[in-house]
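Residue numbering begins at 1 within each chain, and the chains themselves are lettered A, B, C and D in the order written.
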Amino acid sequence: MTKLAVYTFALPLLAGFLMWFVGRLGNRPAKAFSALTSLITTVLAGKVLLSLLKGSSIVVVFGGWRPPLGINFFLDPLAGLWLFSVNVLMFLAVIGSGTRYSWRFYGLLMILLAGLNGLIMSGDLFNVFVFFEIVCLVSFALVAYYRKRESIEAGVKYFVLGSVASSLFLLAIALIYGKTGTLNLAQISYLSNSWPALFKLVVFVLILVGLGVESGVFPLNAWLFDAHPAAPFPVSALLSGIVIESALYVLLRLVGLFFLDKGAVLLVGQTLLLLGVLTFVVAEIVGFYQRDVKRALAYSSAGQIGLMLMAFAVGLSRPDLGSVALVLLFLNHLLAKGGLFLSVGAVSDRSGSRDLDRFAEECAFSDKVVGLVGGLSLVGAPPFLGFWGKVALVFGLLAINMYALVGIVLAVMVLEAIYLMRISSAMLTAKGEGRQDCPGQALSLWVLSLLMLGAGVLAVYGVKKGVDLSRLRFTPKQEYIQTVYDVSAYKGGVDIDG
Amino acid sequence: MLEGINRKYDISGIIASLVVLAFSGLLIYLLYTQIPYGQDKMLVSKDYIKMGVNSTGATNLVTSVVLSFRGLDTLGEVTVLFASAMAVGLFLLPGAGMWQREENFVLRVASRFLPYLIILIGIYIVSQGHVSPGGGFQGGVVISSGLLLKLILKREKESGFGGLVHALESLMGAGFVALALVGLVKYGSFLYSFGPKGVPGTLLSAGVLPVLYAFIGVKVASEFVAILERFTSSGEEDERA
Amino acid sequence: MNALDFYALSVFLIGLGLMGVFLNRDFVKILISLSVLESGVNLLIVSIGYVRGRIAPILFSKELQASAVGKVVDPVPQALVLTAIVIGLGLLAVGLGMAVWMHRRFGTTDVSELKDLAG
Amino acid sequence: MDRLGLLFTWLTLGLAGLQILFLLAGDRYTRRPWPILGILLLTLVLVGLYSTKDMLYFFLFWSASTWLTFILSNNPRKAFGYLWVSLLGEFAMLSAIGYTYAVTGSTALSSLAKAGPTAIALFCLPFVVKTGVIPFNFWIGDLYTGSDKRFVLFLSAIISKLGVFGILRTVSELPSLPNLAVWQNLFIYLAGITAIWSAFKAVGSEDAIEALSFSSLSQVTFIFASVLLWSAVSVSGAVLHYINHMLIKLGMFSVVIYIWRKIGSTEYTAMGDFVRRMPVSFLFFLMLGISLAGVPPMGGFNSKWLMYEAFISKGRLLPVLLFFVAGVGSFLYVYRLLHSIFLGRKKASISLVKEMNPLQIIPLVVSGLVSFLIGAYVKPFMGLTSRALTGIFDPVTITKTSIGLVNLSLVLEVFGLLLGVVVILFWILLPKHRYAPDTEGYTAAAYLPEQIRLWDYSYNFYAPVNRLGKAFVDLFSLGWLAGFWKEYIAGLGLVLRGLYNGRLATYGAYIMLTLSGLIVALSLLVSKGS
């Protein structure tokens, strides 16, 4: 099974490298080639997920060296789920990306997919940085794809802020390596218990800010609201759907491993909860006033990231509710926001304007379906995943008796419901009968709505049978260290075979 | 200098700079207290040093770390370079030479034979990567600087490197991944450094590492030529919607 | 160069780079200060790996290979910096690509011009 | 599925069946698939709602019904008020469920009692919102008039009364009746005021659907208040009136929608004198009107009688007065409806209208007859409601029918007697009648002034009442909260939008400030903590 996990990372990379040759045949073959690759990786990731759900976590070793020496991938059920959903949305975005993009666009998408897959699975700190850089660099390039003034402005801002953030993250890695002498996440996590308070605090803040910029946490997400609307619609679907979520995933994984010893759990939990609430409330209130449709969706993405942060913070003290909410919110946002951006983006490109009143003139039927289903599931209407995610989050918040917080969150959720319903109803009541550029777009939109409906029905069935989702959570510190390798036995410098 | 100062700096820039100063102070304090300078802080590196040479065959430990122990980082790094070359290809378009410098005698004469000397040095650096300091990246850059001489000459149309360079770049990248996959299929783990270890210190030692470094060298060289070509070309705008 | 200079130098470069990014209005200058920032961090990583009185991690002779642990500097930071430099360079290439395209397209590379995407 | 749920399920299924029959029997427009599928889906959701005893599933189906109503109304602009206020209500319910789960660990409805009165009040808030009691009554007019005509019948017959079922289910599940006297009294009086307000709003409205919607509001608030009273007689009276009101709205709306399909508008001014063309529908519409007003021979009287009796026996005279005034209002708007649709002046639109085809008229006929049956012989229906309420209350039987006697035959005799008198009168007067030429007006004046419309009873006759109603709404209803909320949030929104001013240096400063802010804050917390 470990081979499949590596292929999900190696195949898109190979496809990216070979894209120049395929590009010689033209742009459509390039799109077909990348669609095929992402389909294969989706199937592989699906198999990995199934084996993870049945069996225990997997550790993939590279270069033949056991963990502390070489780099290793670590896959627990949550990573498997994240990997699978990332590949699914990439596949659907590639199919649904219409006919206007050059072979370089698809090459960069394949490298983005390789970077994301690596980022999710990586078990080595510097390796996480390298994959994080791949994802950032490709996102900078893809955001500034169009030659318009708007995309150059968004691209420049995203570039500068992203580079500063990744340098801060590299600084944190330098400090950690200096202190512990190793880069393996399990070993660092084992050694991190003995870090002095000030050192642990500074490293925590550096990682939080370094990864927080890319994952859209409140004060750092200013670039997100310019970048997502300016990017081509498949890219904004991917950015909102998987890129900021994967950056958040890595942030939560690192925080979970390094900073959650007994003393700090409460403090870390409250910081993340506060940041989550701030991100959610500010993003939704400002999103309420957007006339530009894609910009409103970008604000709603930042809002959902805030909800996920809160879900993780709740999950620290009530893992049965918090981690379930995180998984449900992630899946719901991935499908709904991916679908919405793919349909709203294409529709506003066809009608030429992104204003709320005029963007929906060229709505095809599948756009309307996704507009309705996506809007409903994003807003938390039953029976979709968003509903169950919201219920789990509210139950969790009340379980850690944050009553005022629940009031605020639910009131602001009404705001989000209103401005998302504005978009959905604008699409539903659009008179025009538009046609999509290529059948692939309709196919991907239909698949997304079926996935959303299917997931909703599955959720209802799951709740009825009391399915226990608590396996889908970040592996706690101790269990992670045990699974990767026997830390205490490793003395360093002892002569062990190559 | 003065003109720069009296220009009104953005107030938030000044706030950010003050914060940076404070943060640097904290960083220095942290470094000196937590990570004492010059002391042996190695943990995993002790193993690399102890068994690095006889397990990978490369005397240059940095190469054995870069290619064998932490090979995935290098693969990621190669991807970053490939992605940036593709991105620059996205932003700037091929075209005639941008630096319409008039005929420069020294440049014209030098560009006829000097590049090949520089390329020779580059090849040396690449090939000796596993024995002495050097390697694919450093050698690749030297090679591309040689070819740069040809690029900054006045040229009417595209430099003609385009097709070859892209092909080389893609092939080398794919080759690297293929070698890594061979490691996975035959030896059970991705990026496994198989092949005869040979006598450490000689040219033909350290198994597949020199081959990998050769691939990287050619890839980096071709990538840089592609990037530099785009920077030196005055490609017109084709309105990409 | 005793201890103070290397750590102090790298933190100085980091501080200079960060301030340069925030104070400059011209995008190319921002790119330059970004690369100063990255080289500062790279210098810090390498200087973390340095051990006083030891030589580079090339074990060219037999007896050096035998008793290398106490004689050689930490090779891992040098490997990391090798990667970090290339990543910094990749970023710089993309940034410069944007700068050149921006100059061709809008005649200016002044970042303060770009402020109509607000609210 | 307990007996209470079973009763409501049968009622909803019956009504949905009749409405779908009415839609199918209509023309191509009403036969369009998606409204019918929507109604079937909504019925499925409601059956789910009636069957569950677990709060989480109750919330799932309740929220699903809100969203389905929003979608099926097919007019998002008008339905937004309804959406955001019911979302607020739902979120109150969700936090109540969450709180009970946190306190008791279970989401069963019966465990709500252990969570304390505030949780119960929060849980019941959406029922009050959906019924449309005073602070939440601003959205009723928009939703009904704006909604898709094919769905408005189901909307007013069933969806308007979901709150009633909610209260019934919740309070019946609580083991011991908590001391919610404060909330009970508050909402009974509010319901009374809303009943009066909506009655006069119905009287003053110029549109048939708006009139019917506000009449529903006034009847539903009466039912809601009597359920809140929570005595055996009041609840069974409420359930009986629920059945009555459902039948009445089914019949009346089918007529109005049929007319809308024919003449394209539901304004009073566009209708008039349809009795010529639709005598049968006029007859049943008349029966339903009488029942709505609560006049003896028809069912409305029995249920209203029971409810009044409950209030009086509990000594609550003020609510009785309030609902009595609302009852008077119902006389007015029933006559207004009858007059404007069937009796008023003939308009050009009369040529478009003809009697409903036999299939289409079935819902009207069924509702008329059953409503009459409830009035004439109430025993089986009382048995129905008591069986539904077993375990909650001991059965309530009405010994006397609407005219005090027990057996059906006597009632029919009296009815026959009245009918005979009417026939004789017709027989005497018929030959003497002469057909009044169509003079476009009933004034005695020689010529017809162009403002003839001022004397037409069906045109803006109650303008002063409207103005009064409007002022009342602006004073009490939650509508102003929407405005306040928008502009309060707008103020906050402007401040927050200022955060993202588009300048790179500012965003850079945000990064550094977050970095330093977090370090300082956390180090303080750590040092304070340790």
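The rule we apply is simple: contacts are C-beta pairs under 8 Å (C-beta built on N, C-alpha and C of every residue); 3 or more make two chains touch, one makes a residue touch a chain.
Predicted, not measured: the structure shown is a model, and the values here were computed from it.
A.B. asks: Weigh A-C against B-D on C-beta contact pairs and write down the one with more.
C.D. replies: Result: the pair with more contacts is A-C.
A.B. asks: If you average the CA atoms of subunit A and of subunit B, how many Å lie between those two points?
C.D. replies: Here the centre of subunit B sits 29 Å away from the centre of subunit A.
A.B. asks: If you average the CA atoms of subunit B and of subunit D, how many Å lie between those two points?
C.D. replies: Taking the mean C-alpha position of each chain, the two centres sit 73 Å apart.
A.B. asks: How many angstrom lie between the CA centroids of subunit A and subunit D, rounded to a whole number?
C.D. replies: 45
A.B. asks: So which bits of subunit D are touching at least two other chains?
C.D. replies: Subunit D, residues with two or more chain partners: 497, 500, 502-506, 508-509, 511-513, 515, 519.
A.B. asks: Could you list the positions in subunit A whose residues touch two or more of the other chains?
C.D. replies: Within subunit A, residues 126, 130, 133, 137, 140-141, 144, 147, 156-157, 160, 164, 171, 178, 183, 198, 202, 225-226, 286, 289, 493 contact more than one other chain.
A.B. asks: What residues in subunit C touch two or more of the other chains?
C.D. replies: 14, 18, 21-23, 44, 48, 69, 76, 80, 83, 87, 90-91, 94, 98, 101, 105, 111-112, 114, 116-117, 119
A.B. asks: Work through the pairs of chains, note which ones touch, and then classify the graph as line, ring, star, complete or other.
C.D. replies: complete
A.B. asks: In the complex of these two chains, what residues of subunit D are touching subunit C?
C.D. replies: 497-498, 500-505, 508-509, 512
A.B. asks: Once bound in the complex, which stretches of subunit B touch subunit C?
C.D. replies: Touch list, subunit B to subunit C: 7, 9-10, 12-14, 16-17, 20-21, 23-24, 27-28, 31-32, 35, 37-42, 44-46, 48-50, 52-54, 59-62, 64-66, 70, 73-74, 76-77, 80-81, 83-85, 87-88, 90-92, 131-133, 135, 137, 200-201, 227, 230-231, 237.
A.B. asks: Considering only the defined contacts, which subunit C positions touch subunit D in the complex?
C.D. replies: Residues in contact with subunit D: 18, 21-23, 111-112, 114-119.
A.B. asks: Can you check the complex and tell me which residues of subunit A touch subunit C?
C.D. replies: So the residues of subunit A in touch with subunit C come to 126, 130, 133, 137, 140-141, 144, 147, 149-150, 152-157, 159-160, 163-164, 166-167, 170-171, 173-174, 177-178, 183, 225-226, 230, 286, 289, 493.
A.B. asks: For the complex, give me every residue of subunit D touching subunit B.
C.D. replies: So the residues of subunit D in touch with subunit B come to 503, 505-506, 508-509, 511-513, 515-516, 519.
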